[in-house]
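Each chain carries a letter (A, B, C and D) given by its place in the written order, and its residues are counted from 1.
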Amino acid sequence: MADLGVNVAGVQFNNPLIAASGTFGFGREYSEFYPLSTLGGISCKGITLQERLGNPPPRIAETPSGILNAVGLQNPGVDHFIAEDLPWLRQQNTVVISNIAGNTPEEYCQMAEKLSDTDVDMIEMNISCPNVKSGGVQFGTSCESVGAITKAVRRCCKKPLIVKLSPNVTDIASIAKSAEAEGADAVSMINTLTGMRIDINTGRPIIHNNTGGMSGPAVFPVAVRMVWQVAQAINIPIIGMGGISTWQDAVEMLIAGAAALQIGTVLFSDPYAPIKINKGIAEFLDKKGLQSVAELTGTINPW
Amino acid sequence: MCYTIKQINNFMGERVATIMKYDVELSRLIKKEEIAQGIFDFTVKCPSLAKKAQAGQFAHLAVPGKTLRRPISICDAVGDSLRLVFQVRGQGTEKLAQAKVGDDIDVLAPLGHGFTIPPRGTVAFIGGGIGVPPMLYSGKQAEKAIAILGFRDKAGVILAKDFEEACSQVIVTTDDGSFGLHGFVTDALRTVIDKVDLVCACGPTPMLKAVAAMAREHNTPCQVSMEERMGCGVGACLVCACKTKKDNKEGYSHVCKNGPVFNAEEVVW
Amino acid sequence: MADLGVNVAGVQFNNPLIAASGTFGFGREYSEFYPLSTLGGISCKGITLQERLGNPPPRIAETPSGILNAVGLQNPGVDHFIAEDLPWLRQQNTVVISNIAGNTPEEYCQMAEKLSDTDVDMIEMNISCPNVKSGGVQFGTSCESVGAITKAVRRCCKKPLIVKLSPNVTDIASIAKSAEAEGADAVSMINTLTGMRIDINTGRPIIHNNTGGMSGPAVFPVAVRMVWQVAQAINIPIIGMGGISTWQDAVEMLIAGAAALQIGTVLFSDPYAPIKINKGIAEFLDKKGLQSVAELTGTINPW
Amino acid sequence: MCYTIKQINNFMGERVATIMKYDVELSRLIKKEEIAQGIFDFTVKCPSLAKKAQAGQFAHLAVPGKTLRRPISICDAVGDSLRLVFQVRGQGTEKLAQAKVGDDIDVLAPLGHGFTIPPRGTVAFIGGGIGVPPMLYSGKQAEKAIAILGFRDKAGVILAKDFEEACSQVIVTTDDGSFGLHGFVTDALRTVIDKVDLVCACGPTPMLKAVAAMAREHNTPCQVSMEERMGCGVGACLVCACKTKKDNKEGYSHVCKNGPVFNAEEVVW
């Protein structure tokens, strides 16, 4: 049988499926469904230097084949994460990725420093959260700012550094290049696509933040396109995500160029999705006579 | 350590109630009735879930074609079945209402923190509108239960007979007086509050607020079941925020995990 | 009963629904379903200075709640349009919008000049077609280029000029402002969101052009968000589109800030959608006691 | 001129076959059979559409939950019903196959340009695999019809009896020889081509290409039914492009309107 293991920036994952940041908390809830070692890794809820309360509700809305969310980075702060969540997570036999967001480059650096002294496996720098006024998205939309912040954080970060890219940009490949040039070890993409729904009876946006981030199957074609574009532009690995909900989607994203995957919204429909998707990938590899996931990555044959 | 198909299959097979706290069960719809205009009474067979269900908890139902599940309170748990009563509000509940007896519904349950009902004493169970159903199973847990059920009008009255069987006293109110007492549930509560040890309530927020205020006035503990739009339903995604105050600090609790039932004193209205 | 008529840049439409460019050809086919006066207007298939054959097939793929297309602007050229299609269209008792795309600003100007001498009602400048190498998208992604081309075409265009905006950009509001500043009479938005699907069995993109433009319900929340953002930035009218498939969607888009609407992909699911949507809008207006569509436009009440 | 609700309703009521060329009809599924593994034979009742159907045209079927309709050839038109035979290939046809007798299917038909069958003479109707069904109604239009039906193996053979009734001669071939002639449809065509005045074919592109080449060799006119992914189905969106040559100029024709049936000579293979 094919080996589902993947290696991203020197970190070995049991399988290519990583829980997407913000959809999986710090793992405790889903560990009541199955052992977390079922997943290749967990990208934890985005944390900030200080505790954040997040946005007022409503924080979620449904859209055709997708959802909008605007949680606003509710989290207990980096220190609490290190003290309370990380030790427990470490025991779950899965890769632990800490997802961080800051108001300033200095905050990102402070967090990266703190986390560098812990045993998290990787740091995922969220410079693309669309749901907070100063939650990083301003860093994520130009090559200059992405380059600058990557450079700054790279210097104080002793862990493999993943830069998480926003899809709300004109040219994602150039942005990925800037991250690579300044020392990112991998990129993860895509974060949510900014969207909005309005209650026609009240005229009120359904989400209190007015706009929210779209995820789920609806965004999948955009994610695949962007992963393909970025795969042609950079040499560091891509962690692909955005709307993956079946094993076929997972395979498609790998073919487009992803070395590993994150899945988020599908967990809300089906908490067991990771098990089914991993099973499907393994069977597909076997059917195709491939030995590993890496043999599938980037095998797209464009016209 | 690699992940083999055997392991995967094992995981899927092993996810039984005794090992894991959360569980999804494909549940056969065995009874379906439209008990009032647009309000459906479903009985679904899900042995492993039904036996764990507690009063005030909810089920998170998958809807074909929809990304998000729909949270519906557990109205009753009898033997190996759950009873779920819901109102058609939008596309999801409309689709759910089309399920036919014999269809399988994907149920994630029982979820959340329900009512905490003391073994002794008199409890008032107050339901308003579509907040009535969860009070049925709850009412059954109390030594002495007084049910106060509020509806807009006679046509909207549901489950009155079930409550008659389950509770020591049932007061039905309608806003327009077309059935039972003319007035609001608080009007009825006022008449009995002196003899109750606890108030449990579910319904529209203004009603909950009024009930909580009255309970507070009378120094009676009060638990309220809150509603919020949900994602995961288990406490991981943090979307179902409800403003609460603990140790004098305000913050957001989560309806799906810390709730849906909160001590009324905790809720920041 | 409420009046469904709308006025956009001085042009009066019988109702707010306009067939979206490229989904309706030059109207002949759908005129076999119902009189074209059922629609407020028709935005014709995008035309170019010379005839274009378009891309090789496959040109379409399905996605969750949406589609991708890459027709590649197959069209008979502006002269043929003026000679063969326009006279027929003129008899259909509906507003005729000519949608144009060019390889160079000069081509846009030449077409605008030719059309200015005809009786088309409006010109919609497509600077956002993602499916041809030089089909305008390069003009549509920066403020400078949108400003420059709008300025150039404005000078040679005697008809009300609509600039059609691409959603594949970081900041659509600024781009809309540039169009307004250089004399656009209205903007229409959104064109398609670039996406991709891959056949996992062959590794081939499903669409021959590799990427395609996503439309349909999946993109609706992105369209609503963008219309809202642009409505706050400009004072010229917005023709809103992108995934409208029910009357509720139509009302939502109007509330977000659209003065009129285009509908495209929904016609493929239900050719009669315009009739149903118009009926729904009229009933909604009546229910709310509004006299006209204009009274609904922009009535959003953000948090 | 404004658009009133009355007018709107009128439009919806008036869209009858006699006024408009294109029509959609909610068609009751009155018969359903799985005639081979994964191949379904549907009979849908749609009087106004059925009476307009011509050989080689197709129906564009709405699939619940899908944005795009699915094109399925008209296999037969009898009285007020259409017969549609299709194979489950992906999500849309899978969903279609779940329809139950009594369900309503939203059918846009009859679409496209079908086979042009002369009133006199012998016509060979060649179907390959799931290209077989449309040849049935077509075969019925010819004075003398020779049907050549190719399948992978015996298990895949469909509609043989229907063709026996409708055509003067039926030759079935299978790739593996498990039923009928061992070989391809072209092997069978070679044996009869000298006596036919026209060849009509539907099936996989390589088969069509081979059939067209053989017809050409024998100076026999040939019409082929092409497939392409579709949007509107009526010729407006231009997605269903098929490369053709007219007056020595190459360009894209559209399968839904100019086709699905083309003169083989026009097609650029």
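Here is the rule we use: contacts are C-beta pairs under 8 Å (C-beta built on N, C-alpha and C of every residue); 3 or more make two chains touch, one makes a residue touch a chain.
Remember, predicted model here, so these are calculated numbers, not experimental data.
Shared contact partners of chain B and chain D are absent; no chain touches both. Using the contact threshold fixed earlier, the set of chains in contact with both chain C and chain D is empty. Placing every chain at the mean of its C-alpha atoms, the farthest one from chain C is found to be B. Centre to centre, using the average C-alpha position, chain B and chain C are separated by 46 Å.
Rounded to a whole number, the gap between the C-alpha centres of chain A and chain C is 33 angstrom.
Within chain C, contacts with two or more other chains are made by residues 63, 65-66, 216-217. Counting partners per residue, chain D has no residue that reaches two or more other chains. Taken together, the chain C residues at the contact with chain D in this complex read 1, 3-5, 14-15, 22-25, 28-30, 32-35, 37-38, 45, 53-63, 65-67, 69, 71, 74, 93, 216-217, 265, 267-272, 275, 278-279, 282-283.
Considering their complex, residues 63-66, 68, 141-142, 168-171, 193-198, 200, 202-205, 208-211, 214, 216-222, 224-225, 228, 243, 248, 251-252, 255-256, 284, 299-303 of chain A touch chain C. Against chain C, the residues of chain D that register as touching in their complex are 1-5, 8-9, 11-12, 15, 20-24, 62, 66-69, 92, 106, 108, 228-243, 250-252, 257.
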